[in-house]
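For clarity, chains are labelled A, B, C, D, E and F in written order, and residue numbers in each chain start from 1.
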Amino acid sequence: MRSRFTLGLTALSAALLLWPALVMAEGEAPTLDSGNTAWMLTSTALVLFMTIPGLSLFYAGLVRAKNVLSVLMQCFAITSIMTILWTAYGYSMAFGDGGAMNAYIGGLDKAFFNGVTVASLSGTIPETVFAIFQMTFVIITPALIIGAFAERMKFSAMLIFMVLWATLVYAPVCHWAWGGGWMGKMGVLDFAGGTVVHINAGIAGLVAALVLGRRKGFPTSHMPPHSLPLTVTGAGMLWVGWFGFNAGSELAADGTAGMAMAVTQIATATAAVTWMLIEWMKHGKPSALGIVTGAVAGLVAITPASGYVGPIGALAIGGAAGFICFFGATSLKRAAGYDDSLDAFGVHGIGGIIGALLTGVFASPALGGAGFKENMDMASQVGVQIISIGATIAYCAIVTFILLKIIDVIVGLRVNDEEETMGLDIALHDERGYNY
Amino acid sequence: MKWVIAIIKPFKLDDVREAMTSAGISGITVSEVRGFGRQKGHTELYRGAEYQVDFLPKLKIEVAVSDNLLDQVLEAIQKGAQTGKIGDGKIFVLDLEQAMRIRTGETGEKTL
Amino acid sequence: MRSRFTLGLTALSAALLLWPALVMAEGEAPTLDSGNTAWMLTSTALVLFMTIPGLSLFYAGLVRAKNVLSVLMQCFAITSIMTILWTAYGYSMAFGDGGAMNAYIGGLDKAFFNGVTVASLSGTIPETVFAIFQMTFVIITPALIIGAFAERMKFSAMLIFMVLWATLVYAPVCHWAWGGGWMGKMGVLDFAGGTVVHINAGIAGLVAALVLGRRKGFPTSHMPPHSLPLTVTGAGMLWVGWFGFNAGSELAADGTAGMAMAVTQIATATAAVTWMLIEWMKHGKPSALGIVTGAVAGLVAITPASGYVGPIGALAIGGAAGFICFFGATSLKRAAGYDDSLDAFGVHGIGGIIGALLTGVFASPALGGAGFKENMDMASQVGVQIISIGATIAYCAIVTFILLKIIDVIVGLRVNDEEETMGLDIALHDERGYNY
Amino acid sequence: MRSRFTLGLTALSAALLLWPALVMAEGEAPTLDSGNTAWMLTSTALVLFMTIPGLSLFYAGLVRAKNVLSVLMQCFAITSIMTILWTAYGYSMAFGDGGAMNAYIGGLDKAFFNGVTVASLSGTIPETVFAIFQMTFVIITPALIIGAFAERMKFSAMLIFMVLWATLVYAPVCHWAWGGGWMGKMGVLDFAGGTVVHINAGIAGLVAALVLGRRKGFPTSHMPPHSLPLTVTGAGMLWVGWFGFNAGSELAADGTAGMAMAVTQIATATAAVTWMLIEWMKHGKPSALGIVTGAVAGLVAITPASGYVGPIGALAIGGAAGFICFFGATSLKRAAGYDDSLDAFGVHGIGGIIGALLTGVFASPALGGAGFKENMDMASQVGVQIISIGATIAYCAIVTFILLKIIDVIVGLRVNDEEETMGLDIALHDERGYNY
Amino acid sequence: MKWVIAIIKPFKLDDVREAMTSAGISGITVSEVRGFGRQKGHTELYRGAEYQVDFLPKLKIEVAVSDNLLDQVLEAIQKGAQTGKIGDGKIFVLDLEQAMRIRTGETGEKTL
Amino acid sequence: MKWVIAIIKPFKLDDVREAMTSAGISGITVSEVRGFGRQKGHTELYRGAEYQVDFLPKLKIEVAVSDNLLDQVLEAIQKGAQTGKIGDGKIFVLDLEQAMRIRTGETGEKTL
């Protein structure tokens, strides 16, 4: 996310620039821009829309009817709890000033939105808007993880885990990349959350799938999605909402936001078509679940790249994501034998890694990109990307593993066999999804 | 009286009902069932997980008939349900000892 | 809803302010701001989205399958009819000049959008945008009421009632609070519709539930929601759309809009979590229907407060709404024995009262709020709030009661027993919701 | 779509205009406006939202359960393929410079978004945004067509047809009207796509319905919609998204955009109510499917008119659309005997023609409109509208027919009887919509 | 033993179950069916396409009873299901040769 | 011939079908039912309104068998469906008088 001004200056003609340029030269702070604010208010709504109802429907359609509410409820509860957590201390830990520790974590100076008033600005938009835009990110990231352990985790254990995970994994990694921490300082390119959101969620999901173990009956008995229309609807909503995610990460309504939206569209479509074609060739028929999964893989992969690459980069990243995630969510999962129920790792983990890596390549101006960070070339940029990916994977995997093990001892992670057979909706929530 | 159970292909319901009405039947009960038999099912595939579905959607028709109508009813069902292709279904006949109309409490053949 | 300028001035640095300040000093009218207009166009779309599909899905999931279309149809028909009514005379009655009667009702000078042209402004946005933004409010308010009499009211009677109610209740109360009437003059704080929308709808719902009587079989036979996934989806859409409702009521993309969005998010999440926890403690399990109902209660309660309170106020109002509405929609309803089918009163009526009241408290700058109306302190502000709440309740209850009684005589309010057993979809609309 | 500046100038007071006016007087190009850009980013999201999930749900609910995924999949695949096509050459063919052939078709100078950079502007918004806003139009237009041949067309044939149709029909007609071609030069008024989108899609649908023939069993056996709640939800989404379609076509957040949104709302509501009342009178009961179909008819008809007419025009156009399309989708279809499964022609074809025609009438300033094209009166404007409608119908019908015949020979258009009976979901995609 | 099949109006299920429980029945099986009979159906109308629906939603109750309970059970069902209006449904009785409890493998009347 | 009706727990379907196939059965018909019996149901709670659900989802398997296969089939179903916990279900046997294959019109044991 970079200042609107850098870009704005390029785009504006000299005459019109004269006056604000003079003002800026005298060291004035940026002022509120109603257009940028309008777009960021909208983007915040769009990213919230990604989680509820978007992602929650996408996931809900994929589980069996007896677990449909458990998934919807998890997404809704995460949305609510993360809002409070972010208000209380998350925003401050991620974007506050960490003093001596600032390379690793922010401070508590902004706890309970302390000092964030109606008049506070963050660049050209109100700081409240920046804070809640970022809030929608800390909402969707844990929600993505639930895809990995759907249909078997206790609701209570899930809540405890998510609170700890957001505090100990999300907030620090977010600070590293965007809040002034070491990763950003090192020059990582992560426009909208390749490391912070998707790799983080994907790895946490993989660890959770391994620690919790497989669902009863997996993989011998078949567990078809109970309602693919819900899933396809959710996928459409994710696609639309993702415009806020990626183009919103510019924090302004300008040329970069426009390009971010364009490459998001192109990469997503390319990944969807790629997945469809591979499936058509491999299995003889293209499926609705296939094409929407491909689209999500494309959305994931373009996320870190969206403000940095051009149309050509989008085609390449989309194609790669469709191709590699296809094997991640099918062959790899079957070969390794873990039960990543809804492919949180196969799509978000793998897609995020592909995207973060290729951002280092297609940011190249020669390939239509916006350029590398200062004093970097493709090699050094890719190096920085790899370090960032590696650090995120390692840190996230270790902390997630420890957290899950501790929670397992204290409250237990899984429902018992009878509850799993009966379905989580009745077992944990005393309600049924459908009464036709 | 006889209790006739027929398993048929769903899209044949209208034909069967018409044939039965012509045969003098004024009441039937239908339910959705899944059938397993000689007719081959299909494959479903979700993110690479293949699943052979052997159960096909069928309709079950149940009807109580008086003994003298039985043959006409069997013929009507068979004609209405037949496509000549595998999976057309079966008709089963059981003995029915008693029948009662709930509204009136009457029993016997006149209730059918 | 206050002028963008008041706030903008605070936020802008002196240097930049100089020029527009001079201009304004010369008494120039405000000019169109594309950023504010962009946000208000978006907000209008968001608030329409709240009713169709948002609220209609929320309610549709809660009824039995045989009545699903009746609810969807009522919401859709209300959307259409209210649009015409607002165009023809509603907007003029609410926001036109009432001359001598202006304290109580507007005039007909703007009937059929007379004088509202492409060039008309309302503050810094086109007047067309203001008029249709307000139109989305007169759409959702009657739609909220149907929750109280779902599954038993005649469609024809419903239409007649809504037209009369919007004319004789909504338009005047809207004028009182926002159109230059006595309530606004008295200094009520109602940012986005605590009195106008929620108390109004909730009270009308309660009266309707009492006049129509209970559904056949209530409360002995169980009437479980036929599709909670629809309800949870609708709740998510309401949450997202509500950003337009509350932050849009600022009529600008500025710091107040940002804060309104932030407190909306915080209060909603707090109410949702509060409801979940109470249910967990009282019944042993938290439910999906519970958490989403809590969220709606939070959205309702923060509505009048959204432009006036800060994060602390939001936490308090959300907590109070979750707590009190829980008992309103469960114990109170059972104790009193009325059949408010989908809890229009329990959630909107009670939540609206809580919010309108607490706005008078948490607007206090000492509690992080934006301050009371001129020359007011907390006591006098709360006094004004109470008078406004009381007047709305009394006026709405009386007129609603009279209207329903008259309509009952003329066309009859309820379907007959057989139609109710068969379901309204077949009985009134000749269609069925589902044909699987 | 006209420049924000024309209108802005009218609306702005002299003092504030002075400075920018001077600048413009010196011949400066328009510069990026963040407010307009914010609105266009939002509009792009809204129009994508119309197709996925909006239209796809609208259509999906109308088919039988065994074909639900086929429809969702077609919409999703079209979304993806059209994105790639538009990026590769569609945008260039429609909006590029066609040199000597420019009256009929654009060139390939902008293929693969060549020259469309972060800094490129299209008026006051980034060109990327203009390009993807237009992309969402080339997505929805083919998606509309599938309503005509639902439940029987091969997926492969559908894909081939859509690629060729978008290339040979959509791109040229789009260029004619909006890209500098003969129709625009002649002075056609088509604000958001009466000819380009709706007549085009409706006629292609009619031809497809005729070439493919009826579904097995049509019209004797009944094929009730499998889930009207999906359809009503989709209709609500279409309505909301259409604000981006129509008000977005102004390419700015200004008074014309506001009026476009207002007339969209009014015409839609009027058409919905009109349809409801006719059905009520003719059949004794109003239906949910009826009212939402009426709304869509209204949305279609107001599309070409939205930037040119006022509230009175909207009432008239909405009423006409509701009335005439009612007979188009019921009596006409039954009389003529073609199987336009989901009424793509009955609603979009007929509604588009009504709207395009009446635009020429209600653009009249005497009727509250924005005025005719330069040097035109009502007669000449209606003449131009008729020529444009006629040309679109003729060109589209002929090319569509030829394309379908060729594809039928090469890959075959229809699934076989057994696949049709079994349902396209299993037959073509190896999946089932629902597993309750 | 007898195999009793009752077709009833859906909203009467609770009444019937209570009546049967009072008559000493401890297990029943219920399924959703569509019934065609004297009771008139309704019309559905979708975009001008009219459709006469003759099949009405009903519930089918199946219960195995010992011979000596049969009469009480029939009476219980009839009482519970009756509204006196057309479409109340029917009760059918078939002979039941054998019954087995899966859990224990026991057979005969004691399993009911 | 006999008409065998088994009420089983839904997740046991695959086991039962396999056991029956091994016992020589080539066709069965399955439907979704709700069972009321000794097995306890559960509570549902919607906005404070409690509801005791006594009906549990079960599957009903219907199969026509020749007399000589009956014992093996009963054994197969019992084995396949048994979990040893309450609610495993029941098997009922009725006499079947006649069976007909719709496609061919043949009747008797060979149609099964």
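One rule holds for everything that comes next: a residue touches a chain if its C-beta (ideal position, glycine included) is under 8 Å from a C-beta of that chain, and two chains touch if they have at least 3 such contacts.
A quick note: this is a predicted structure, and the numbers were derived from the prediction, not measured.
Asker: Common contacts of chain C and chain F?
Answerer: Correct list: A, E.
Asker: Where are there more C-beta contacts: A-F or D-E?
Answerer: Between A-F and D-E, the larger count of C-beta pairs in contact belongs to D-E.
Asker: Examine where the copies chain A and chain D touch and state whether the two sides share over half of their residue numbers (same) or under half (different).
Answerer: Both copies touch with mostly different residues.
Asker: Indicate the whole-number Å distance between the mean C-alpha point of chain D and the mean C-alpha point of chain F.
Answerer: Distance between chain centres: 53 Å.
Asker: At what distance in angstrom does the C-alpha mean of chain F lie from that of chain B?
Answerer: Centres of chain B and chain F (C-alpha means) sit 18 Å apart.
Asker: Where the CA atoms of chain C average out and where those of chain E average out, how many Å apart are those spots?
Answerer: Taking the mean C-alpha position of each chain, the two centres sit 47 Å apart.
Asker: Which residue numbers or ranges of chain A touch two or more of the other chains?
Answerer: 33-36, 38-39, 42, 224-225, 227, 253, 283, 285, 287, 289, 430-432, 434
Asker: Going through chain F residue by residue, note those that touch at least 2 other chains and give them in order.
Answerer: 31, 44-46, 94-95
Asker: If each chain is a node and each touching pair an edge, is that a line, ring, star, complete or other?
Answerer: Topology of touching chains reads as other, fitting no named class.
Asker: Touching pairs of chains, which are they?
Answerer: All chain pairs meeting the touch criterion are A-B, A-C, A-D, A-F, B-D, B-E, B-F, C-D, C-E, C-F, D-E, E-F.
Asker: Quick check on the complex: what are the chain A residues that touch chain F?
Answerer: Counting only chain A, the residues touching chain F are 217, 221, 421-422, 426, 430-432.
Asker: In the complex of these two chains, what residues of chain A are touching chain B?
Answerer: Against chain B, chain A makes touches at 219, 222, 224-225, 283, 285, 287, 289-290, 293, 329-331, 333-334, 343.
Asker: Within their complex, state which residues of chain B touch chain F.
Answerer: Chain B residues touching chain F: 2, 5-8, 31-38, 54-55, 58, 60, 74, 77-78, 81-95.
Asker: Using the touch definition up top, name the residues of chain C that touch chain A in the complex.
Answerer: Per the stated touch rule, the residues are 4, 7-8, 10-13, 15-16, 33-36, 38-39, 42, 46, 64-65, 224-229, 232-233, 235-237, 239-240, 243-244, 247, 252-259, 261-262, 265-266, 268-270, 272-273, 276, 283, 285-289, 291-292, 295, 310-312, 315, 370, 434.
Asker: Which residues of chain F touch chain B once you look at their complex with the stated criterion?
Answerer: For this pair, the touching residues of chain F are 3, 17, 26-31, 62, 64, 94-103, 105, 111.
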